[in-house]
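Okay, so chain A shows up in both of these, paired with chain B first and chain C after.
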Partner chain A sequence: MDVLNVDYMLGLVPVLLRYLPLTLQLAGTGMVLALILACLFAVIRVLRIPVLNQLTIVFISFFRGTPLLVQLFLFYYGLPQLVSALTVIDGVTATIMGLTMHFSAYMAESIRAAIVGVDRSQTEAALSIGMTNGQMMRRIVLPQATRVALPTLMNYFIDMIKATSLAFTLGVTELMGATQKEASGSFLYFEAFIVAAIMYWVVVELLSKLQNHLEIRLNKAYSR
Partner chain B sequence: MIKLDSLSKHFGSTVVLDGIDLTIDKGEIVVIIGPSGTGKSTLLRCINFLEQPTAGTMTVGDLTVDVKKANRAEILSMRRRTAFVFQNYALFANKTALQNIAERLLVVDKWPKEEAYRRAREILDQIGLGEKADAYPASMSGGQQQRVGIGRAMAAGAEVILFDEPTSSLDPEWVEEVLGLMKQLASERQTMMVVTHEMSFARDVADRVIFIDGGRIVEQGPPSEIFYNPQDPRTKDFLKKILATNPV
Partner chain C sequence: MKALLINMLLTTALLASAPSLAQDDPLRVGMSGQYFPFTFVEQDKLKGFDVDVMNAIGEEMGRDIQYETANFSGLFGMLESGRIDTVANQITITEERQKAYVFSDPYVYDGAQVVTKKGNTEVEGVEDLKGKTVAVNLGSNFEDLLQELPYADQIDIKTYESNLERDTALGRVDAFVMDRVSASQIIKEKPLPLELAGPTFSQITNAYPFRDTEAGRALRDEVNEALAALRDDGTLASISEKWFGTDITRP
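Right, the complex of A and B next:
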């Protein structure tokens, strides 16, 4: 067993850093789309909009009940076979689709819980001054629910960043894919993957810091 | 003007309001009293359409609706003509004092931002909380919160402000400042319907006191008559009890 090849590791850092933006792009795009979808699902569930509510329940159940990797393969290999127009679907698109749907299913449930948790007095006050349901949701309920849901949503974002590593199975060369290639060239697997691990770790830590700041800011209104 | 014609409200098989007929003139101050669970809150909530009444017709200003057939637009319109002050204040927790008051003007009445905030600031000064403009509800005392609650109702420019036990949740030290603000509104002849156990407020401020029991108006009249010469045994009984705990 050789000692750790530190020079190799240091040299690998700038190489792998070039693939970090793609990783962040996958997670960032996935998160924004998942949030939009999740809010939509949550509102549908809370207002129990007929038909859409049932469809949403099935959607959420499916995407929570099956492995992300299976979903990614379904989108990448399965969909084009089913719908020929989708043969152009590339790994990046399939990954973003998979991440979006998978995480929106989880996030919808925590957003829904946060919405339902907003005190009834808040919604009554909104209605009493003549707001429509939509105005009440946008101006009063969702902002308050956001504060409650934020820690959970940030945790999902962190999960999603790590889950982007599955994209390499669809041939996407993001951080994980690049590491895999480098490692199989040099046979220095431990060194390569520890560098990749540290990169994920640092990103997640930075995000946790951001989370703390956001929480303090959002909580300011609610503390004496 | 507010006019209720055989307004009733059922929750399932329980009849909470049993055919209320009531006309309130513009500028009139009406205090509603009655035992617990007799439908006082429900009456106010029905007028603000926080509950949909089961039957009857309701007129507020120039709008009359058959409550059973009221559509969304009519319900919104009714809500916008009436303002509600809640027992637990119910200020928007994510908004400052100023924003709480401006919200209605901005969102419902679609005033330009500048105008809405100018008016909200005016009201804030009127309720004596000018320096609390940027304070969030969580950092205000109960009395201050309820004054903002009243300010929010004032911003509506509503035909009537409905007060549901506005001082019942307050620590005793804050009751006077809230009652004081209500008296100020009353002196400006803002039409008000007030459910309260503050009998001295009723005696000093009300034009008319209405005693409700079992979802019906049992007796009504000027405070001098209701308090000093009640006719119905239920009114007498109630007053005896309430005056023992809330002396005038």
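Right, the complex of A and C next:
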């Protein structure tokens, strides 16, 4: 038993690969929704829109201040206890809700920082030629902020992919859940989890490549 | 007297018309998929004693069985929130659980067993656990059994989501406590240096929990009927023989 069971590992690859799409779907959907939410929050906070600004501060404080697993349990097990109709929230939905809210709270702050970091002369110039606040945001500030925010946002996406491994606690058999079940059937823990680890790693590596690519593109305007 | 009679009749009628699972609805069964050999996965296929028994019950009831797997700690939450109808994961009947759920008739009779790393001469039974670190599965009733021991305050109990067999074999904990049947099975089938330490120390009976509602009780009755039939025609015994080489479905 001290020898690595390579045959078992190879046999596990196609089995676990079947669960990778669900992992990517959870993280992908969560990321798109979290980005939308985070941009909204960031703009609300930068423009200090009354009421919304305060609500956003509380939202960010709560979702940054509590563990993701606690939030997942709240959505999945807690809400149906208060309102029984909320049983319709299935494990996948609850996971995506949790990932979206949790990570949007973090991402909102890094997007806000990127927006605030855009040089004041840029906003002044935009306003001086008669742009509205909205136009200024869309045309001048956000494109520049995107370039600054991209590396940290990518970081959060990578983190989110790995956070999907909590979903099995809600009955969602994604990559980690499938691995745990296979490992407890074979008792070959090292073999099973190293296969899963490599799969996560490969996915994250591919994303880092994509990030490099995007960064080069976004930096084109600045290279001389 | 008449009023009472009418009352009783009405109650019976109401109970009879209780909202229950439609006849062609599947029975949704939760299990961890991580409790060898009761429920585990091999090459993406859910297997085990609990799977076989549930399938037989489903056949007897004329219902499809829809399995939902989740970490053990999530199963009762899923039952509570109505996402599954029952749990087939060697759930032991305890007083605490009986307050919240109604149980079917027991289908497994077993005892709590101390297991140590092979060659451990310090722990040779439950009385040797004094001053030791002992692993149990999170949410399982073995933690309660240990707490009930007179010297419970001298035992360092560690709860695990999974993999406690591995940690015991690695020597991270002195022993783990599990039911005798699955402990023996793990030792027999799996390449881990473990051994049983002493005899079992508490009789346990395992059954299926249902929500304490009209629908839940109706479903429990339905399952009990199926269980009785499977017991009578020897199906239960033969499934047990297949997995354990002995009949664990009788006291």
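We adopt the following convention: the second predicted complex is superposed on the first by the 223 of 224 C-alpha atoms of A that agree within 3 Å, B and C clash if a C-alpha of one lies under 4 Å from a C-alpha of the other, contacts with A are read in each partner's own complex, and residues count from 1 in each chain.
Criterion: contacts are C-beta pairs under 8 Å (C-beta built on N, C-alpha and C of every residue); 3 or more make two chains touch, one makes a residue touch a chain.
Remember, predicted model here, so these are calculated numbers, not experimental data.
Asker: Applying the touch criterion given at the start, work out whether A:Ala85 contacts chain B, chain C, both or neither, answering first, second, both or neither.
Answerer: neither
Asker: Output check: A:Thr169 vs chain B and chain C. Expected answer is one of first, second, both, neither. What do you get?
Answerer: In the superposition, A:Thr169 touches chain C alone.
Asker: Check the residue A:Val6 against both partner chains and state whether it touches chain B (first), chain C (second), both, or neither.
Answerer: After superposing on A, A:Val6 lies clear of both chain B and chain C.
Asker: By the touch definition at the top of the document, which applies to A:Val51: first (chain B), second (chain C), both, or neither?
Answerer: After superposing on A, A:Val51 lies clear of both chain B and chain C.
Asker: Kindly classify A:Gln122 by the partners it touches after superposition: chain B alone (first), chain C alone (second), both, or neither?
Answerer: Only chain B; A:Gln122 stays clear of chain C.
Asker: Please work out whether A:Tyr77 is in contact with chain B alone, chain C alone, both, or neither, and reply first, second, both or neither.
Answerer: In the superposition, A:Tyr77 touches chain C alone.
Asker: Return first, second, both or neither, reflecting whether A:Gly177 touches chain B, chain C, both chains, or no partner chain.
Answerer: Touch partner of A:Gly177: chain C, not chain B.
Asker: In the superposed model, does chain B or chain C contact more residues of chain A?
Answerer: The partner making contact with more of chain A's residues is C.
Asker: Can you check the complex and tell me which residues of chain B touch chain A?
Answerer: Interface residues on chain B, with respect to chain A: 48, 50, 76, 79-80, 83-84, 86, 88, 90-96, 103-104, 107-108, 136, 138-139, 152, 156.
Asker: In the complex formed with chain B, which residues of chain A make contact?
Answerer: Interface residues on the chain A side: 119, 121-122, 124-132, 135, 139-140, 143-144, 147, 220-224.
Asker: Going by the contact rule at the top, pick out the chain A residues touching chain C in the complex.
Answerer: 1, 11, 15, 18, 73, 76-77, 80-81, 84, 87, 90-91, 168-173, 177-178, 180-187, 189
Asker: Under the touch definition given earlier, write down the residues of chain C that touch chain A in their complex.
Answerer: Chain C reaches chain A through residues 30, 33-36, 40-44, 46-47, 68-71, 73-74, 77-78, 80-83, 162-163, 165-166, 186, 190-192.
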